[in-house]
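Structures follow.
After this come two complexes, each holding subunit A, first together with subunit B and then together with subunit C.
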Partner chain A sequence: MSQPRSRRTHAPLRRAVAPLLALVATAFLVPAAETHAPDPVVGGALWTQNQLVEYAWRVGQVPPAWLQGAIVDAAADSNASRAARAARFALDGSSQSLIAYGEPTGCSPNGIACFNRAGAPDSFAMWFRRQGYVFDWGTLRWCQAYLDPPDGCFDAENIALDEFGHVEVLGHHGNYSDGSDFDDAVVQTVSRAKPRHGWDAHRYGRCDVATLQLAYDVPTLASPYSTCLDLVTGLSLAVSATSVPYRATVTFSSRLWVSNRDDYERLAGNPVSERLIRLQRRPIGGSTWTTVATLDPDDSPGSYAEALSLTASGEYRARFSKPPDEGLRGDDSAFVAITVAPCTSGCPVWAP
Partner chain B sequence: MSEATWYRHFVPALIALSLIPFARGPGGPPAGMPNGHGTASGARSLHAHLACTPLRRGSGRLVERVAADGSLAGYELELGRARRGPQRVVELPAESFLGDRVGDAVLVGSDDGLRSRLRLVGAGHGCERVIATSRERIFRRAAIDPAGQSVVALHLERRTRRELGIFRRPLGGGRWERLLGPLADDAPAVLARIGPIFATILAWSGDGATLAVQSCGSHACATRVVAGDGGSKLLLGRPGQGPLLRVERDLLLTLAVCAGTPCPIVRTRLSTGEVLP
Partner chain C sequence: MHERLPGLGAMTRRSVARRDPRILGGAALLALAFVAGCAAIPASGSAPLPPTGEGSPPRVEPTTRSTPAIVLPPGATLETPAGHRTEAALGSYTYRGAGSDSPWLPADTLDRVDVSAGASLTICLTDRTGIASARAVVADAADRAGEETEGVAISGPDPTGALLLTAPPRGSWVLMVLVEYAGGSGSAAYYWRLETS
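This part shows the complex of A and B:
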């Protein structure tokens, strides 16, 4: 297919292709997907890290107050739950990023909301279909339009959070066929209506966060990595001396980092700070490791250290156990043998 | 009916598809103008006894009527454009659509919750003709064949909004005859994949030999292609199909499913179902 040719010869096609679409919709079925991974990404440029992206209501298509509140809340939800250096959103009346309600729209006919991020990193657009619009399946109802939201309505805050996720760069999450992992993402192909589980989620799911972290990095080197990730780590151990007198003090220094792989994107090679690193020892040539100390976080990013007074030779390694609450794999450093000279004076006296 | 069955039933007659006008967007105000079948002889004869004022500069568009709470109260159909505004304005309920142009009139579907109507409406007093009405069914979408002889329509059961199929009827009146069954019967696996149908697009080939019926879920679409006489059918239901643009000879042109970037156009060969690179 030659898209440029189509553009030259068919103006209607050009008009039809131009809209940038993201469809969010009702449904009772979840598309089958047997992969479970961070959300895919949509096209276009990334925002700069922690960029403040302001938005305004489109003149002539200003959302009603009940929808404005939901959108503002969703922007705050995005800021609070992104767990990454992704863009931050804030309402500002003079912004060139516009959010609209009702017609006209460039969205395709089968969505209740859509976005356009072609302007990133300068601007975006977002649009919400009007309350009462009729689809083949029935009439669109936004929950916020009611004092007592009826079943079948869509939570505008949840849908707006989905759209802000798209604006960040997130594509629709691939769910298991049975939908059991629906909570892992707000950015869903098929958003759920009240009262189905997840209809009113107001935080990014862990697989949304995983992609935001890959694209934009974690907020700090001590921040947890999403459990939707499974990052290989590296761990090193260095010692201040490998042959020391009896009771000499040896400093053990360790570094922990995220493996430097291309598919880890912004996270590749990250030093990992503020984790639990154990120092383990075994007799030289032995097979059983015993934890003898915990290495304290050092001032340097991803660094840990501890000084120990040694009385016997041994082999040492650092151990980082896989944390149960984040997406880092455990790792052991290579071991280092330290020879300790026999005691020659002031030696302990063992009782018979 | 399975996808494979559809392919078995496909006959080469469907290959000879010629250019059709731009497909009408389903639901809500269409982005483009009606696709102008007004030059067909059948359309002229149909239109001859309608006292229509020539439509100037474009034909029609639907404009939202908004209630005080911001909800959709309905549409205003604006026909033609004169110096001081549209030549005629027709008030329509929220469930309405704008279809093909036929001479100086346009096909309009509307449902007020009790009754569905298909009408040809144009500018000028007396330029209105009811094609069909129903209290049991909703005419959700309709299109007039290029010869201007018949109308095809998506019928929904009023109470449940269940799809009943695609039906065809002479414009002059007569019985509705079913061209296609519901997607749920024809391709249940495809329907399960794309989910509840948000919108349906009907598009004739330019020679009237072929009708494309595209059903779109929240994210993806599937298209059934049927011979005008209902004799042969083809299902194009591979994942990744976006909204229909048009049928062009042996090709179905759709957008791809995409988000956040310009959606590429996908060409699918009707004779083989092959998606072309």
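This part shows the complex of A and C:
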């Protein structure tokens, strides 16, 4: 049974209990602070890593040539800028994943484009409103429909890339209140028209990429991590001997990995290869570290090694400094003390 | 016969009071909060609410041809201190594996809410979908693309699921509240036009 819709409710009572409500609410409120983080996820099944997902035009709602080109370009943009093992998209006439133009759509009344990924990992659907569709907020104009796109038109390639991002798994990015971080994502809550900043972005932003990496992993162990991430790393150091004769060669071996945390999803525990790992030394019991070598990448994933001939006892650690261009935190290994025996023959002659 | 307290099931005033006066006080506060916060607000034309559960089945609107139905997120209402409720216009959203993208919704397309500057406003979803977090921004009503937005403090949800915010200073505004649903089921942008005096 439907209930009548009341526009006026128990206002006097509400005013009377407002202080009490505030008191109760204080105990339960969850801060809705301004945050900056990887995009949320839409939910549902993921595609398999690097899955080739083909799409076709819906019969009877085939996009016009100008829109087809924009959609194909957006699929290529997604493939080129995903920086993760996310799905790849390609046009194939026999696919069950269908992209449609014009009515009817799966879009809400104010929606210019929309998607449904409930069929993942087998299929998806995508719709684009037709050129000239009249909304309450105005008439839809796709820039690609014009030789000289007017202000107020929407770049179909940008909007299609947003939709492909949703199909991957991306939800709308949470921007700062002033929108100053709009470049960090293509998958946005507010679609921008020409000429607003970001209206024609054709690459995923760093916070789109961050979520794709969390969900699907980085392409290789040497690939950079999105700067929208802030991943804790682990670093170890092992030595071939801790007590050696004078001038003996000691091999220093280090491993670097992404910490094994649940919220790191696919990235948890990843070995991290091809980074700069420094070997540092201090006198035993000393406090000042000095870099004495760089550890070379080893054949094993995330491994680094270097052999040094030692002439004095000391404490050693490996250091991974936070790279300026990726979302990994720096870390220092635990230190290892190495005792070097005094020189007994062929020793250097010290000046008096 | 014992009088039942709303929201406390079979517990009675006498049995509560016997347990601990502090419990009675807390329970009364909670009960009042339920009265003053989000009651069950069905969306227009929606089915009756289920009795329990984290959320409700998604609103589904059939389309005119043989395409998949539109999966819509819950609606939202904004309530003024005078008790007037106004439904939101729905912008972009993702919900249960589907979603739709929209531009900023300009003021002249939105239902007008007249309210005093600084008034307490309550926002409720029209079903029992949980809220994980929320953010709010306003733009001048003359700003048709939402080019210059600024944040508005918003808190909640309270125990009834209500989001609480304070009306902006005197002027004409578009308010956008971005709600992220609990359980990772999606998010939606809700819009209202505020006329504050």
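We take it that the second predicted complex is superposed on the first by the 317 of 352 C-alpha atoms of A that agree within 3 Å, B and C clash if a C-alpha of one lies under 4 Å from a C-alpha of the other, contacts with A are read in each partner's own complex, and residues count from 1 in each chain.
Here, a contact is a pair of C-beta atoms (placed from the backbone, for glycine too) under 8 Å apart; a residue touches a chain by one contact, two chains touch by 3 or more.
What you see is a predicted model, and the numbers here were worked out from it, not measured in a lab.
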> Who does A:115 touch here: subunit B (first), subunit C (second), both, or neither?
Replying inline: both
> Which partner does A:63 reach: the first (subunit B), the second (subunit C), both, or neither?
Replying inline: first
>> Looking at A:159 after the superposition, I want to know if it touches subunit B, subunit C, both of them or none. Which is it: first, second, both, neither?
In response: second
> Which holds for A:133: it touches subunit B only (first), subunit C only (second), both, or neither?
Replying inline: first
> In the superposed arrangement, which partner chain does A:288 touch: subunit B (first), subunit C (second), both, or neither?
Replying inline: neither
>> Contacts for A:125 in the overlay, against subunit B (first) and subunit C (second): which applies, first, second, both or neither?
In response: second
>> Let me test your reading of the model: by the given contact rule, A:145 touches which partner, first (subunit B), second (subunit C), both or neither?
In response: first
> Now for A:100: first (subunit B), second (subunit C), both, or neither, which partner does it touch?
Replying inline: second
> More subunit A residues touched by subunit B or by subunit C?
Replying inline: C
> In the superposed arrangement, which partner chain does A:189 touch: subunit B (first), subunit C (second), both, or neither?
Replying inline: both
> What part of subunit A is shared between its subunit B contacts and its subunit C contacts?
Replying inline: 1, 3, 6, 13, 15, 17-18, 20-21, 23-25, 28-29, 31-32, 42-44, 103-104, 106, 108-111, 115-118, 135-138, 166, 171-172, 189-190
> Which residues, counting only subunit B, touch subunit A once they are in their complex?
Replying inline: 22, 25-29, 31-32, 63-64, 66-67, 69-73, 94-95, 140, 154, 156, 161, 163, 192-201, 216-221, 242-243, 245, 253, 255, 258-267, 276-277
> Which of the residues in subunit A come into contact with subunit B in the complex?
Replying inline: 1, 3, 6, 12-13, 15-29, 31-32, 42-44, 63-64, 66-67, 101-104, 106, 108-111, 115-118, 130-139, 145, 166, 169, 171-172, 189-190
> What residues on subunit A touch subunit C, complex-wise?
Replying inline: 1-3, 5-11, 13-15, 17-18, 20-21, 23-25, 28-32, 34, 40-44, 100, 103-118, 120, 125, 127, 135-138, 154, 159, 162-163, 166, 171-172, 174, 176-179, 188-193, 196
> Which residues of subunit C touch subunit A in their complex?
Replying inline: 29-30, 32-33, 35-37, 39, 42, 44-45, 48, 63-65, 67-72, 79, 81-85, 89-94, 96-106, 109, 120, 132-135, 137, 145-151, 154-159, 162-164, 178, 180, 184-187, 189
